[in-house]
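Each of the next two complexes has chain A plus one other chain: chain B in the first, chain C in the second.
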Partner chain A sequence: MQRRPGWFIAGFLAPALLLYVGLVLFPLQQAVQISFFQWRGTSSVVKPAGTANYQQVVRDPVFYEALGNNAWMAVVVGLVVFAVAMLAAHALKKRDRPAKILDALVLVPMAVSSVVAALLWQFMFHPQMGPVPELQKMLGLGEFQSGWLATPATALPAVGVALAWLSIGFYVVLFGAGMQQIPGEVMESADMDGIPGWAKFWRITWPLLWTVRRTAVIYWFISVMNTFAIVYLMTKGGPDHRTEVMLTYLYITAVENSQYGYGSALAVVNLVLVLAISGLLMWLMRRDPAEARA
Partner chain B sequence: MNRPFIWKLGIVSLAAVAAFGCAPVGTETSTGKPDPAGAGTAAPAADAKLAGNLEVQAFKGGFGIDFYEAALAEFGEKHPELKTKIEGDPRVWERLKPRMVAGDTPDLMFPGWGMDHWSLIADNQLMPLDAALDSPADGAEGTWRDQFLPDMLKIGQVDGKTYLLPLYVNLNGWWYDKAVFDKNGWKPPTNFAELKTLCAAVKAKGMAPITYQGKYPYYMIHGMLLPWAYSVGGADAMKAVQNLEPGAWKSDSMLQAAKMIVELRDLGYFQKGATAMSHTESQAEFVIGRAAMIPCGTWLYSEMKDNLTDKNQLTFFLPPPVEGGKGDPSALIVSIEPWMVPAKAKNPEAALAFYKYMTSPAKAAQFVSEKNTLTAIKGSESGIKLDVLRQPAALFAASKDAWAWQVRDWYKPLHTEIENALTSMLNGELTPEQFVERCEKAAEATRNDPNIAKRTL
Partner chain C sequence: MKVLRGLFLWACVLAVVLPLLWVVLGSFKPSLQVIADPWGLPSPFKPQNYREAWTEAAIGTGFLNSLIVTLTTLLILLPIGAMASYVLARFKFWGRTFIANTFLAGMMFPVFLVMIPLFLLMRTLGLTNSLGGLIIVYVAYSLSFTIFVLQGFFQAIPVELEEASLLDGCSESALFWRVMLPIAKPGLIVVGIFNAIGLWNEYGLALVLMTEKSQRTLPLAIADLSQTQQYQADYGALFAALVIVMVPLLILYWFIKDRLKESMLAGSLKG
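Now for the complex of A and B:
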């Protein structure tokens, strides 16, 4: 008697599916539901609000500021992270002593939680004791009246530095793995042809890292949109929203200001934007340009 | 796997979600006014034997929960039929909020600063306690209400009904280190003009005159903006602000207070980088002697005591008022962290009897001596052991107006906006006029929002 494979497969998928439905889809559905109400979060009393919360999101200048900060981190910090990670991965290909030391240095931040990283970098920027302001004073550049983390022009870059420090290790590993995939013969024939280092990287390594680059871009974008702990602990979104990101804004709105309806609307809008932009990125990067040319 | 199978999987997931999601979120609507009919439970007579279960949940902060645990144990001995339980942690509100939503509440709770007490009141989640307050006190003459300082009870009242009860009271003021001041021949300032003179002397010595907890602007609001606005405009000006009256923020009092802050900044009297510092960072700067003064509540000593040396002589004083201002110079801002009985408590009689016991004069005095803080119970200052508490106690007793800044509890989004505007003003992005304009706009938005429950003093 032939057993239907479908039920067999479903049996194995059921636990994971259950967790997914219960821990991901269900809260999502609740968030959507709550976004159409006003809810203080301290009882089951709710007041229907129709689309009022969404209308408020569209009119809210802080929403746009938070989104802008997320975008800045995605693009500016992203470029820095990718550039440094790519260079580090390239340097680490040679398995000599300096490479091993660099390897350890670059991977240590990955082992550190974002909470610890936030405390560490808060100390780095401490106005009286931190190494960064000390260096600033030593270089004769004075000091900031409000400190790095509360001066409007420097707060977001400072948080960006902490985020970059935390993230680079992962991309070094990712790009390193990608570089490992490149067949040795390709690199050897490049050496035999006498192609110089930079051209070798740009013309051979770079195009062959296509799938890795695509993964990196999408993964980085999603992790920037998910940034919370680093910002909340270093600056709490301050000074005056200059470092506010979507997640800190919706957290403060819902949990600290008891506006769960509006917070849920922000969360749903955030989700839709992340899905839309990731979808767009995946569509834009759907075909390897090298293969397209071939 | 073939496509039809994946479709089936998708449909099953969505069906599961729909099934889960059909649980109603809640269908009652609220106008924000607490139930007018209920007057709450009267606490039983002192010698009545209580039975059943009593569950107490408490915030475990700087004062711990050991005092409450011991008190509950003593109380339990008097009522052998009563099964008692007490739990606490530093973020107890995170456990209590879902319980309040689900209706599975403890009998007595002290949820701490992370709980939105006034939303609980607006949602009819708390029991009015006036019947219990009017019952005889435990271990003293008169009613239970008589044991409390009346101004402290007012803070937890709406339309004459009491929902929140105080235990310990924090005063908001400034601190200086007497040892440092004596060494330099400085005296704590008694008005703003003296403050400026003192700051010049401190700055000349190479010390930062004033530091503050810039990352949390409510310290500067309680320590500078509000006391100075009160000093200029008097109690009526502050009442107008708290009642969201139109134009209250554009009054001379608020603008003057903002200008005073900016003046101190421009004279270089604020420690560099203070705006970025957390409470522990700036308080550490003060304690190690890099800054001469800091605005902080009376909890500062308890919070920093592990960092103090024998040389420190932390001393509390009131924010230096403006000379010739309308406001009474003895006025001070207090804050309470309240206890309350959920409306759905299963054993409110036991809850109130226990809290009555904890607020009896003997226990209150014991709290003062063990925890080094003031309480809202009359006569409890007899328990003061440490000198550091005598000055605040004297100022509290002599104060002609001990008031609370309730905007922070009543209108959280408004207060967040005030905090952000203050930070921008400190950074020079807003002038004092623009600062009060921005606060006025935020107050107007709050006033016009029908979804926010309005309170009046």
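Now for the complex of A and C:
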């Protein structure tokens, strides 16, 4: 059939493309440009700065601290989230009453959002009314004078708890769907051969979850790099940058300190890191290692 | 093993429910009781917390602003997104792959990174502190995900259908609005739900673009409340505000929970 709908294609693409280019891509390009200027938002003086902002990023200890905290969340919180989600998805395979109840509730934290989760867990760890310090006292584990969120050693783990609470549901559903794709006969024949549950998991379930695992790892990495509200509302990155992540540092630099030039350099470095690492992750997991054997 | 499994499942249920239950209980308590008796039933029962949160703490204004912003954004986003996805999914033309990938790239990086230039741009346009301004920003930043999901739905529609309609003398745009769009309705529902939840909860962009109290959305209003000295000790009102934010989402969640799972997987298993 002869269709020459050039005008039609252009007309249908135009609104989306205009908005996307104008409000997403153009600012992105602007960020790169601004990063080569010295620009304090409070004054009208804008001077070319060469690569000075980037040199400052490389020497900035807070930048490394924030990067380290993002990495801690990605790896440590990530391992906890994946382990719990894997166990839960496995336990949910049998549809009895507790399984049905959990299944109905599993995405509730995700639906109520990071703002609610942040405030909720801020109260949970609250030194005067929080159930967590309460429990800690009851168990005779002492207490932290200024509370979990203001104690340098416990602030990041406490934020990690909130992040895990918020995120696990998605991975339970994802792993659950992955497990459903494993043919029932495989499991049945393993049962008949008398293979114990643990071995069944490592030998069959785990390798067959390959695609799902890849999706999960990349999703998790991107969502950790997107973490802002939960940290900003629980601790503002404190005490003394102990919970600072890239986006809270960027926000404080850009909005609270009005350092547009330096903030933009931070943003560009962050962008390059995110793209490079997710590219690397995709490359590392580019194909199914089980395929080679098959 | 069986016992362990049961214990684990119930522990998970409690981990989800207990924090929420604690907040709901606390929202009906006088502030002192929140501290003294965190797990007891409210006595005296104090529903005034809700009135306080709604009016004095401007949660009411935030609720209304969030409702306007979320609904208007969807109303603009869904047709615009569907039109672009349809063209990208069903036509071959020069630059198609490039444009499709450019849209997809928006899902790969934290959008919050552009906050400085975006703020400057919106300030120049006079669109900071304006619900309209926030709405067009939300439309722009929701396009990547929307197009990613809808493209899949449009690709799945059989070719015969459009050939038959065109032979019947249907114009290209009538084909889209009368035939294709109704078929892609499940996809529109999926992206509609997802975007609705995301927009209702969006915090970062709103924080940068909306500084005036009267223009704040619900997440900003409640976050602000928790940082305001006056309310930092009024735990009852704070908890009530938190419940006000959660309830519409929990109600929505209850009706769509199965669809939510399906759609989440539709968006992620392909990747």
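Points to keep in mind about this one:
We adopt the following convention: the second predicted complex is superposed on the first by the 264 of 294 C-alpha atoms of A that agree within 3 Å, B and C clash if a C-alpha of one lies under 4 Å from a C-alpha of the other, contacts with A are read in each partner's own complex, and residues count from 1 in each chain.
Criterion: a contact is a pair of C-beta atoms (placed from the backbone, for glycine too) under 8 Å apart; a residue touches a chain by one contact, two chains touch by 3 or more.
Since the model is a prediction, treat every value here as computed from it, not as a measurement.
Aligning the two structures on chain A places chain B and chain C in a clash.
More residues of chain A lie in contact with C than with the other chain of the pair chain B and chain C.
In the superposition on chain A, no contact is made by A:Leu139 with either chain B or chain C. Once chain A of one complex is fitted onto chain A of the other, the partner contacts of A:His241 are limited to chain B, with no touch recorded for chain C. Touch criterion not met for A:Met192: it reaches neither chain B nor chain C. When the two complexes are overlaid on their common chain A, residue A:Thr151 makes contact with chain B while staying clear of chain C. Judged by the touch definition given at the top, the superposed model places A:Leu25 against both chain B and chain C. When both complexes are overlaid on chain A, the residue A:Asn257 reaches chain B alone and has no touch with chain C.
In the three-chain superposition model, chain A touches both chain B and chain C at residues 6, 9, 13, 17, 20, 22, 25-26, 30, 34, 122, 128. On chain A, the positions that touch chain B within their shared complex are 6, 9-10, 13, 17, 20-22, 25-26, 29-30, 33-34, 37-49, 122, 125-128, 133, 143-152, 235-236, 238-241, 252-253, 256-259. By the touch rule above, chain A contacts chain C in their complex via residues 1, 3, 5-6, 8-9, 12-13, 15-17, 19-20, 22-28, 30-31, 34, 84, 87-88, 91-92, 98-99, 101-102, 104-109, 111-116, 118-124, 128-129, 131, 134, 165, 170, 173-174, 177, 197, 211-212, 215, 218-219, 222, 225-226, 228-229, 233, 247, 250-251, 254-255, 260, 263-264, 267, 270-271, 274-275, 278.
Residues 1, 5, 8-9, 12-14, 16-17, 20-21, 25-30, 97, 100-103, 115-116, 119-120, 122-125, 214-215, 265, 270-278, 281, 285, 290, 412-413, 416, 420-421, 423-424, 426-427, 429, 451 of chain B are the ones that touch chain A when the two sit in their complex. Across the complex, chain C meets chain A through its residues 1, 5-6, 8-10, 12-13, 15-20, 22-23, 34-35, 38-39, 80-81, 83-84, 86-88, 91, 93, 99, 102-103, 106-121, 136-137, 139-141, 143-144, 147, 163, 166, 172-173, 176, 197, 200-201, 203-204, 207-208, 219, 222-223, 226, 235, 238-239, 242, 245-246, 249-250, 252-253, 257, 260-261, 264-265, 268-269, 271.
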